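Below are two complexes that have chain A in common, paired first with chain B and then with chain C.
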Partner chain A sequence: MKRENNDTVVSIKDLVVHYETHEGVVEAVNGVSFEIKKGEVLGLVGETGAGKTTIALSIMGLLPVPPAHVIDGEIILDGEILLGKQKVQKGRKKKDVVVAKSNHEMRHIRGKKVSMIFQDPMTALNPVRYVGDQIAEVVELHNICSAKEATQRAKEMMEKVGIPAERYYEYPHQFSGGMRQRVIIAIALACEPELLLADEPTTALDVTIQAQVLDMMRTLQREQQTALLMITHDLGIVAEMCDRCAIIYGGQIVECGDLEHIFDRPRHPYTRGLLSSIPSLEKDVSRLSPIPGLVADPMDLPEYCTFYDRCDKHCESCKTGDPDLVEAEPGHFVRCFRVEKGSV
Partner chain B sequence: MAFLEINNLKKYFHTPKGMLHAVDDVTLTMEKGTTLGVVGESGCGKSTLGKTLMKLHEATAGEVWFDGVNIVPMTVKEFAPYRDKIQMIFQDPYGSLDPRMSVGNLIAEPLKVNRKIKDKKLLHIKVEELMDAVGLARRLRNSYPHELDGGRRQRIGVARALSLDPEFIVCDEPVSALDVSIQAQILNLLQDLQEERNLTYLFITHDMSVVKHIADEIAVMYLGQVVEKCASDELFKNTLHPYSRALLSAIPIPNIHVERKPILLTGELSSPINPKPCCRFVARCPYATDKCHQTEPKLREVLPGHFVACHLVDAAGAKIYKE
Partner chain C sequence: MTKFVLRRVLLMIPILLGVTLLIFILRAVTPGDPVDSLLSQNATPEQRAELREELGLNDPLVIQFFRYVKDVFTGDLGLSYSTRQPVLGEILGRFPYTLIICFGAVTIGLLLGLPLGVFSALKQYTWVDSTILVLSMLFAACPGFVLALVLITIFSVNLGWLPAVGLASNLGYILPMVTIGVSSLSRYTRITRSSFLEVIRQDYIRTARAKGQTEGKIIIRHAFRNAFIPVASSIGIQIGHQLGGALIVETVFGIPGIGKYIGDAITARNFPSVQGGVLFLAFVFTLINLLVDLSFVWINPRLKSSFVYESESREKRILRKGAREER
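Here is the complex of A and B:
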């Protein structure tokens, strides 16, 4: 489903984030750019260590510095620069330095303009406070209103996410996993943020509960017209929830486009491999076709195409350098030399 | 008699709140060389079932006939010769391997513990054979688990299970901690090994697409009980129990042309502690009738090879409830 408006909520340009550890530099994110419009859902799909969570944490300004280090990039949320290059006097010369908003400034943005839902609902809540108060806290912090109004708003939010308001004065341990994740979603959406980052929101939940939570998330997202970044490893969830999808491998977007592009006409060998390695519920396949080899190690990425070692279609020219993200058809971007040359 | 027969197996746990019915009256049969998938949500007792079969838990009641012998009443000593034949692959390849043992030692450990091979040279050869069988490069012999990724660690787990030449392997969520591209590699490995060695698998998982791929028969569990059991294809074609229907409809399908209408269950899992003598699914079932509140449905064969425990499915396998 596409919406005909062009107001971009968040835009990320050439984001490069490295972690500097004792063992070496982890190149977690290497030049990621994307935009999300109002009311749009972008799916970010990748395997462990692909850099999905690092991207979300960069937007939230929650990267652990050190070891994390933003090398390059720009993040603009709703017209406000969260992260960008500035000329800073260094000795005699002026140098471009990536400057992020201070923690103090980010406190006014987090929860109000951008919220994040974490994977594990067990650890994201404070075990010794009422769940209701934990929802009211966000409202109180950001909207200058009385405690009473905040409580009222918290109760409204609880009803919206499907928890009876009577449970306001209960503790997290009295809630099941699915209910806790609902509380987290209520906290995240209480101030109607422009952008919601959902980092594997249903991975810890059972399928029947997952279906309930996804359904509720989508209803609220449409109602509030929130832009949503859905981080997941489950292509099924993408097919169901998202408008567009970006496949990430080795800290780079390797393919990005509408759902029809990704599911019907995937061009990058990695996307194709991912789709064919999932056991299908519809077709009977006696053997799966997995992607050979191991997931790219972000500590040791090659100079050339990061997927080269696992690619079944590679050729000598693939080793000549890193391919660019090219537009294969309108709105469908692929990072592959073969697509660049027009041979696929 | 079938290769493995489980008759009315029960495993209860004492808790401060009362008796927890983790596995309640489970009856299953398996033929040699087949895979039985056990699916269900967290807390439904599927892992407890696996561990009870391994005699890691002492069964409260019931029988497990393994190759013609009932293993439930056996003492540890009597069970020892059967230990080799029943092995297990664990879910978490990070937590189930001793971080201070090298890959070679990890694979050799079961052989040493069971005093199968005492000669060092023969042991060395056997470990290399096992590493080849599961697709681990021999050079990794002296590596430690932390140096390896999840897929390779799970291969060590498979090699350990295979080391004693078992006949029956309980696979407890062996691929759920792995990435999809690696998951497919391990699933293929398990299938190849089954073909080569005529292994019998009890495959515990919560992922329906994985179980459909690997299992010949599927048992759906809910709160300690098997609610539906039939051949894999049959379950997907002719789903009878309302819970199985909800479970299947809730899976997100990676295909944008399939219109999916999930049956959204209201409510959450009820407690397995001192369950009432009624259908366990009654609190979440959209079609529940008075009868469902009063009596517990028994697992019965409604179509050839198709077992279901529901009052709303009649003796001829027709659904009485309306969707």
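Here is the complex of A and C:
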């Protein structure tokens, strides 16, 4: 199961995840591929319902099954295949079937090699247990050590995220939202994972606290050389935190590249739309410029380019099929027919 | 904390006063005269009038009420009409039987109800879950005396394992305990199931999974204690039901407990015993609920801090007052 690879921590290939509900099939993720290297921060930007959280949960192996269903794809974390195709004998034919690691196997990976920070700190901690114990729990699970050592490590982590260790024996309700998110970050980083998935970690916090928490995350991430997948819908956070950025729309990456690619030379109309909808301090405009239309309905995605209906530059040839992700310049990938044709 | 307990204890006084008043009103509208059951059929009207005077039944109800309340405060619940013994002594002599049965019933209910509820929730929408739910509905809907008779038929008459009535041996406790326990068991099962289903969908359960915790430990360490909170709050109420149910079940099984005592007293129009018995049960009920509420602080730490904050703000108030006075 091991594969030697340079310093790539996680690589995802052609991930397709659908939710099968009573109303129909929700095509949440449709062929997403990316890699994150050691110590690198990748921003994953998209609107609500674009499939960001589903990607993170797929890596964690925490997708709610059913209704979620991994159709296709491969996830390799630190050389270990978490999810991949295997030839399985079915009747006479051999068939490719996507096989994920069992829950039992994933248990030793979750919290140790890959951790996740959830969006809402108010509900992510158990209300009837000491916050310190909740940090120590993950240490005890993965580092075979005594309870005493785990407690010590938990206190260290609390200090690292900026909470006095004396608050070990306190309950979550005695903490503010920002402090709770710090506790959750401490839990996530306590075992020094290879990969950290941060699912909108600061969306529920107010702006000043956001800055502090992001700062602290960045410091710890650099210190531990953790690969970080930063899921957000805030391009400001991306500019602040990330090395590379992937824009996701309708369950597909529509543009991906270094920060300068995305911010200085955006190619995809959606990325341009996102950037131009950020209020500017310099220009004197009375109204924000939103992207017209609504997010593509993942239950009813078109056969052609998913962004066609909202695109201001679409033409008839855009309806001929789904564009591929092409490299517009080294390290800069765009999914748009106009780039394919070289007209932009 | 002390302040909370004190307030709750003081609150018991109006509750008990209300219960007493209610019994007095019920007594006034109840047909029948205690004298009828105390004297033989051929007693002369003079004898009857004399007895009425002696028992104080000729005084207006209001006077009787205040006299009774005054006596209760001095720890005197009056004399039983039929035995001429202090009611309090009789009640205390009988209460242990009821207490043992109720305690046993709560134990049966919790020991079986909690695991069944959790199990049912874990197997949600399977045949196991449906079976547990249907059975628990059935038992909850089944009146105690019916269940009692069914159990007697099966275990005493047909199998001959357990005595049908009386407490000749300790085995006699089992059927009454089971009868009362089963109805609360089904309630605990359903409360546990629904609260467990709610808890298991919470974000902190997902956090625990993200840590790599095992499913078993997630249930025990993270889900159970949270799911237990609504169950615990229903325990006090359940004990109330059980004390009430004891009246019928004890009569069926011939247990000399407080329920049978009140039942007998009602048929005999033995007012002091009825009043004393009901008042005593009300007292026990409020006391148990107070204990349950206090145990809540241990179960649900969010409550503890609300006490702490309260006393803290009190301290601050005192400090502020002191500062103002200094000025």
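Some observations on this one:
Heads up, the rule we're going with is that the second predicted complex is superposed on the first by the 337 of 344 C-alpha atoms of A that agree within 3 Å, B and C clash if a C-alpha of one lies under 4 Å from a C-alpha of the other, contacts with A are read in each partner's own complex, and residues count from 1 in each chain.
Just so we're on the same page, a contact is a pair of C-beta atoms (placed from the backbone, for glycine too) under 8 Å apart; a residue touches a chain by one contact, two chains touch by 3 or more.
Note that the structure is predicted; figures quoted are calculated from it, not measured.
Shared-chain residue A:Met60: touches chain C; no touch with chain B. Legend: residue contacts after superposition of the two complexes on their common chain; A:Leu141 is shown touching chain C, with no touch to chain B. In the superposition on chain A, contact of A:Ala227 is made with neither chain B nor chain C. Look at A:Leu288: by the touch rule set out above, it reaches chain B but stays clear of chain C.
Within the superposed three-chain arrangement, the count of touched residues of chain A is higher for B, of the candidates chain B and chain C.
Contacts of A:Glu260 after superposition on the shared chain: chain B is touched, whereas chain C is not. Contact with chain B, but none with chain C, is seen for A:Pro279 once the two complexes are overlaid on the shared chain. Put simply, chain A touches chain C in their complex at residues 60, 62, 103, 106-112, 115-116, 118, 120, 123-129, 134, 137-138, 141-142, 171, 173-174, 184, 187-188. Per the touch definition, chain A reaches chain B in the complex via residues 47-48, 176-179, 206-212, 214-215, 233-240, 259-260, 263-264, 273-275, 277-282, 284-285, 287-291, 294-295. Within the complex formed with chain A, the chain C residues making contact are 202-204, 206-215, 221-222, 225-226, 299-302, 305.
Residues 41-42, 149-152, 179-185, 187-188, 191, 206, 208-210, 212-214, 233, 236, 246-247, 249-256, 258, 260, 262, 264-265, 268-269 of chain B touch chain A in their complex.
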